[in-house]
Amino acid sequence: MANRSGNRMVVEGAIAAGCRFFSGYPITPASEIYQLMTERLPQRGDVAIGAPDEITALCYAVGASLRGFKAMTATSGPGWCLMIETVQYAIMTETPVVIALVQRLGPSTGGATQGAQGDILLAEFASSGGYTIPVFCPSNPLECYELTVHAFNWAEKLRTPVILLSDKEVGMTSESIDLSELGPLPVAEREKFDPSKRPDPQAFLPYFFAQSEDVPAFSPLGAGYKVTITGSAHNKLGQLKKNDPATLELLAHLQKKIDRHRAEIALAKADLEPGAEALVISFGITARAAREAARMARERRQKVSLLQLLTLFPVPEREITRCLDGSRRVIVAEENLTGQYRGLIRHLLGDREVIGVNKIGGMITPREILSAAIPMNSKRAAHFSGGKQTYGNDRSGA
Amino acid sequence: MANRSGNRMVVEGAIAAGCRFFSGYPITPASEIYQLMTERLPQRGDVAIGAPDEITALCYAVGASLRGFKAMTATSGPGWCLMIETVQYAIMTETPVVIALVQRLGPSTGGATQGAQGDILLAEFASSGGYTIPVFCPSNPLECYELTVHAFNWAEKLRTPVILLSDKEVGMTSESIDLSELGPLPVAEREKFDPSKRPDPQAFLPYFFAQSEDVPAFSPLGAGYKVTITGSAHNKLGQLKKNDPATLELLAHLQKKIDRHRAEIALAKADLEPGAEALVISFGITARAAREAARMARERRQKVSLLQLLTLFPVPEREITRCLDGSRRVIVAEENLTGQYRGLIRHLLGDREVIGVNKIGGMITPREILSAAIPMNSKRAAHFSGGKQTYGNDRSGA
Amino acid sequence: MANRSGNRMVVEGAIAAGCRFFSGYPITPASEIYQLMTERLPQRGDVAIGAPDEITALCYAVGASLRGFKAMTATSGPGWCLMIETVQYAIMTETPVVIALVQRLGPSTGGATQGAQGDILLAEFASSGGYTIPVFCPSNPLECYELTVHAFNWAEKLRTPVILLSDKEVGMTSESIDLSELGPLPVAEREKFDPSKRPDPQAFLPYFFAQSEDVPAFSPLGAGYKVTITGSAHNKLGQLKKNDPATLELLAHLQKKIDRHRAEIALAKADLEPGAEALVISFGITARAAREAARMARERRQKVSLLQLLTLFPVPEREITRCLDGSRRVIVAEENLTGQYRGLIRHLLGDREVIGVNKIGGMITPREILSAAIPMNSKRAAHFSGGKQTYGNDRSGA
Amino acid sequence: MANRSGNRMVVEGAIAAGCRFFSGYPITPASEIYQLMTERLPQRGDVAIGAPDEITALCYAVGASLRGFKAMTATSGPGWCLMIETVQYAIMTETPVVIALVQRLGPSTGGATQGAQGDILLAEFASSGGYTIPVFCPSNPLECYELTVHAFNWAEKLRTPVILLSDKEVGMTSESIDLSELGPLPVAEREKFDPSKRPDPQAFLPYFFAQSEDVPAFSPLGAGYKVTITGSAHNKLGQLKKNDPATLELLAHLQKKIDRHRAEIALAKADLEPGAEALVISFGITARAAREAARMARERRQKVSLLQLLTLFPVPEREITRCLDGSRRVIVAEENLTGQYRGLIRHLLGDREVIGVNKIGGMITPREILSAAIPMNSKRAAHFSGGKQTYGNDRSGA
């Protein structure tokens, strides 16, 4: 058993998932993933490349994936900006690829060594058209491992980019992990085109689907079938066709194939207390404070329910609404100013009191969550504590 | 009187607003703005530059603005991706700049000559931290003119990037406009640092605010005061300070200065029908179809209320909630698959029936809006019409 | 009268020559040119741009020139490398442009603050095909002024890139210069296409020449005549034609138009001593040491002739051979290791003893030149003096 | 036995020489090398990367070499321009790397599918400082193989970039080659740092030499010794030191280590005819025409001597002067306008008549060489033949 950071466990997860290609450009706090992938992959005969910039880093990973290799990159907010053009190319070309996005304080170059949960919207809404990009969000090294495997699996199954949304605290905090005890997680592969299943194997269509929500079978570049690849709107052959119904259907299919698997993609951990007035929703590093807040509450015989979201997108609506029963108050704790995720789920929360616990420049503390969940113990005014600013708890609802 | 396109009227608006610098990289359907600015500005002794790429295009505009000139760029979705790194730099450095974003069909290079309203989330949520970027959305050439002036005014007053979110149909459709009849719109200037107002003029702080929501007085680079400019988190002097309360307060200030002016920034046109069961919310090109749908309804003596949003962000919450009275049904019509704006305002709509009219690859028709607003006339199933796909009207709510 | 550096006088020369556009990327020791052009040109309503890199810097200047404006950039060795692709484009498209190349110690980033005369071959032989690029080489601020005017004049007259090859010592050393006493130098303009001289003005050919050595009349982009511009081999219309005799003739013409003016381009200053055994050939900063060496020799009643080359390319063969009479010994002094220019002119020197005085990391001293010219006073072995290395005087010939 | 092109045999040579890394950017007529390396290296567990541009292509190869792997790139003239910055970095950092430069017609993008021998000066004089870069020049597929091995060997032995200067005709012409009959050529490795040979292994100096002309022993990045790498002038430790004697000695050493091996690097094939009046000097594709010209002459009982240079740089002076005996006339045949190589060796040819046979846009024919070598059969005026232009035979000398 040894101490392993979240970043390191992302690497272990990637390798367990069958990642064979990594390209990246170093950036704090994601550099450890870059460094370890660069060490580990070549030892296995696989390839890790330092790219000249982030644009190229994701382009390389997309290229490797199109050749049939599971591929990944890792970056932080400032680098992610430069990848947005290419992540759309991956969406349009239905290319599986995993991006580990280790958040730091923004905007712009912001604070390289300060954690944050501020890239939720920047990550998810990276496409012209608003196509859903699956986003998984770990809170500790073990979840880094598991969710990285999930990220690869869903990237492959749905032929789509997937984001592993970590942050500086999760990525750089080490915990004792026994690699040998990690349960073997199922590993998925993209469906390969099988000529024996098709009446006319010559008629390979690189973007064929029978139903809009199906995922096309894949044939790698160079494997004998003609694969046309373009970031422009195209039909099932890959041909550019303007305002063609088949082309528009294909664009809709890009969203429908994700939507269809919404329920399976949704991962969450609930710790519900019968009769609890308050439900705390959290994710990532903040989920750790939430767990501690609940423990403290229970010590005082106060009831607080917890919902930790491991999947942020597609929004796990059912998991959220299921946990609402009886709660009159919902706390959404996230390390950003504006309550990014709270804004997206507020319509699911009905007329409950919704309280955002938000802060930047430091981790949200269990006490801050607790005082929002059990308000009689709290003034709930904006305050400075320990050099960190609490931006103010936003209260809305009936 | 002559026919003038929306793109041309963006240029007229920019010049009326005092724009003195343009840099761009040509892209359909925004190239006309590039072309006209390149003709017009040098005639006035001002500067227009063709940049080698979109990254540079926005960097140049930011640089010109920091020297004290009102500055602008124009692009479409694929180019906008490359500007996201720099728009954050503008947010962090409190640099006024206007970006005309003329939407086309995405994702990726998508359809260069097809309109869309798919960049709403991509435009607004372009920052790590989720800082509000004001977004104005015209539906015709005249509004292009007026909202471009507004965009410059708010960019200057708030020292922030502002987006003029047009689209291919609005940008390239011409209407008869008499320039001489355009009312003179008020033109705002950023507040210049005035040493006479300060006890110690030596003590110029480039990012000084007394209250968090104030906007710092500006002194251009090269004007005699030391201006430190960095994309990293900094205090009022521009010094990098890690986890310093003053630095965190400055980051909060970046959001608060926008929030404070929420009400003034909000622009909308309401056409309410007493007793109407349905309210149609729309913006941009789709607002034209919505107006026509209302006209058709009224011809049939059916009551439909209209709300056209000219400001998309900050979300004009008051304007929206004010118009809800009596409506049991809210239709949000937008030319994208997933109902990007509808998702953001749904929590404001209470338990009303919310119907999204969404479509890609072609303009939403008045009839499509009408059949959603007055459902007895409609099957409201997904259907193909005229080669365009209606993705399906999403119905939610009680 | 004020002290003005060589770099400053390059700027004065450029403005006197009618330069209206500058683009650059700062690099020691050329940055002063960048800075001053950026100040001066906008004051006149002209344009100076900071480019995002050296590739773009020269591209911009070429673009401005194609629009009809006299244009310039300035750089040092590391930046020049990045301009080589584009200087060839200027050769092929017959675009006048001046590049001020202020040498520093190489190779690679070498020594930013150390002078050198090491870019002679790198500058001249920058084209695939070995096309002659005129190169002028000043030794003091006044010559910087005059040769910059000459550089613009020949660029315009021959529609070709021209290099002003300065160095760190020349560029950054100031001398007392009275601007008002600078004689008005003739200023040349590229020949404009004159439709009245042509039977059929419609038949404008952008690369027309009657004789191979003629220079085509110019019409700027956007002035009404169709101008096709390509870096690929083309005929007089600008059309790509493979292995077409007219295309090959045009390629030969690119060299012949320079060759024809060889004699006029050649500038040199000779100070010949009848009966002198030794001729010292020098240029740039080293010419100053050579003059001092001759003065010292003459004080001792020793005879030394001097030839300072102001034009390095086309090699002023006639000026060199004319000065050889009677000399049994030729000294070529240059601040580089391998005797770059000596190697190129050695065949002109017949069976005379040829001695290279070469040194890097410091200026060649008058004494070093003198001891090569009057050998009895010298051991002429490689030695270190004052922290500078003398690489060794190479002696060749009969 | 199969037909194999020169490009293919470059690949075979690289693999025989132990090349383990290739990075490139495709360009006609070098793309076949890119394509084959991309196929072949991964099959051996080695790495081939398509770079996003030529700058990156050479940077990657330099990086791989610094990690201890033999590395190569391939390009043509337009791409070479972009590599010049980095080739200087390789010179300064003493990094072995091979660049296959397959010439096409310039200047600029020129003629992608037309051969040329126009990059001789552009290739050799690519450094600020004029440092000698070894250049080998094959005339057929077999020489491509052998000289590529030599190129790697000298790159490794001297820790320097080396150029394999091929051209479109040599690269793309196939000949029957039996790979199994290729004699095993000796393969050299860079000298590795051996701690047992040093009194204090801790005192590893990455740029240590006892004598200026020695080559430092190499230790790869990451192998345990500290290796400081900089493109700036440095001492034996890699430390930047301005005007330090040790630093200047190191710069001189970069040239001296090449000079010392001049004789060994020199490769040439002479076919001397006793009593021949004319010596034809040629290289690359033109050597094939020269051989045929000699054969034709001998059929007519005319005496013509041949010297084919396989090494162009360092100039094989001894091989050239040795072959001059008795010849009153020297013909230098090269496929460029200005006689690039002739200019560099003219001083070695004494007062012999020197005739340049030059041509662009097509191969020089045996007859053109013959008529220069045996002048009574020739008018030797510029003429057009078969759609190709003969630029004119330049005659100089006594």
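Observations
Should a chain be cited, it is by its letter among A, B, C and D, assigned in written order, with residues numbered from 1 in that chain.
As a working rule, a contact is a pair of C-beta atoms (placed from the backbone, for glycine too) under 8 Å apart; a residue touches a chain by one contact, two chains touch by 3 or more.
Here the structure is a predicted model, which means the values were calculated and not measured.
Per-chain Cα centroids separate subunit C from subunit D by 28 Å.
The distance from the centre of subunit B to the centre of subunit D, each centre being the mean of the chain's C-alpha atoms, comes to 57 Å. Chain geometry summary: the mean Cα position of subunit A and that of subunit D are 51 Å apart.
Residues of subunit A found to touch two or more other chains are absent. If touching chains are joined by edges, the resulting network of the protein chains shown is one closed cycle, each chain touching exactly two neighbours.
Pairwise chain contacts in this structure: A-B, A-D, B-C, C-D. Listing the residues of subunit C that touch subunit D in their complex gives 77-78, 80-82, 84-85, 88-89, 91-93, 103-114, 116, 118-122, 124-132, 230-233, 242-245, 247-249, 251-252, 254-255, 336-338, 340, 343-344, 346-347, 349, 360-362, 384, 387-389, 391. Partner subunit B is touched in their complex by these residues of subunit C: 45, 47, 49-52, 55-56, 59, 63.
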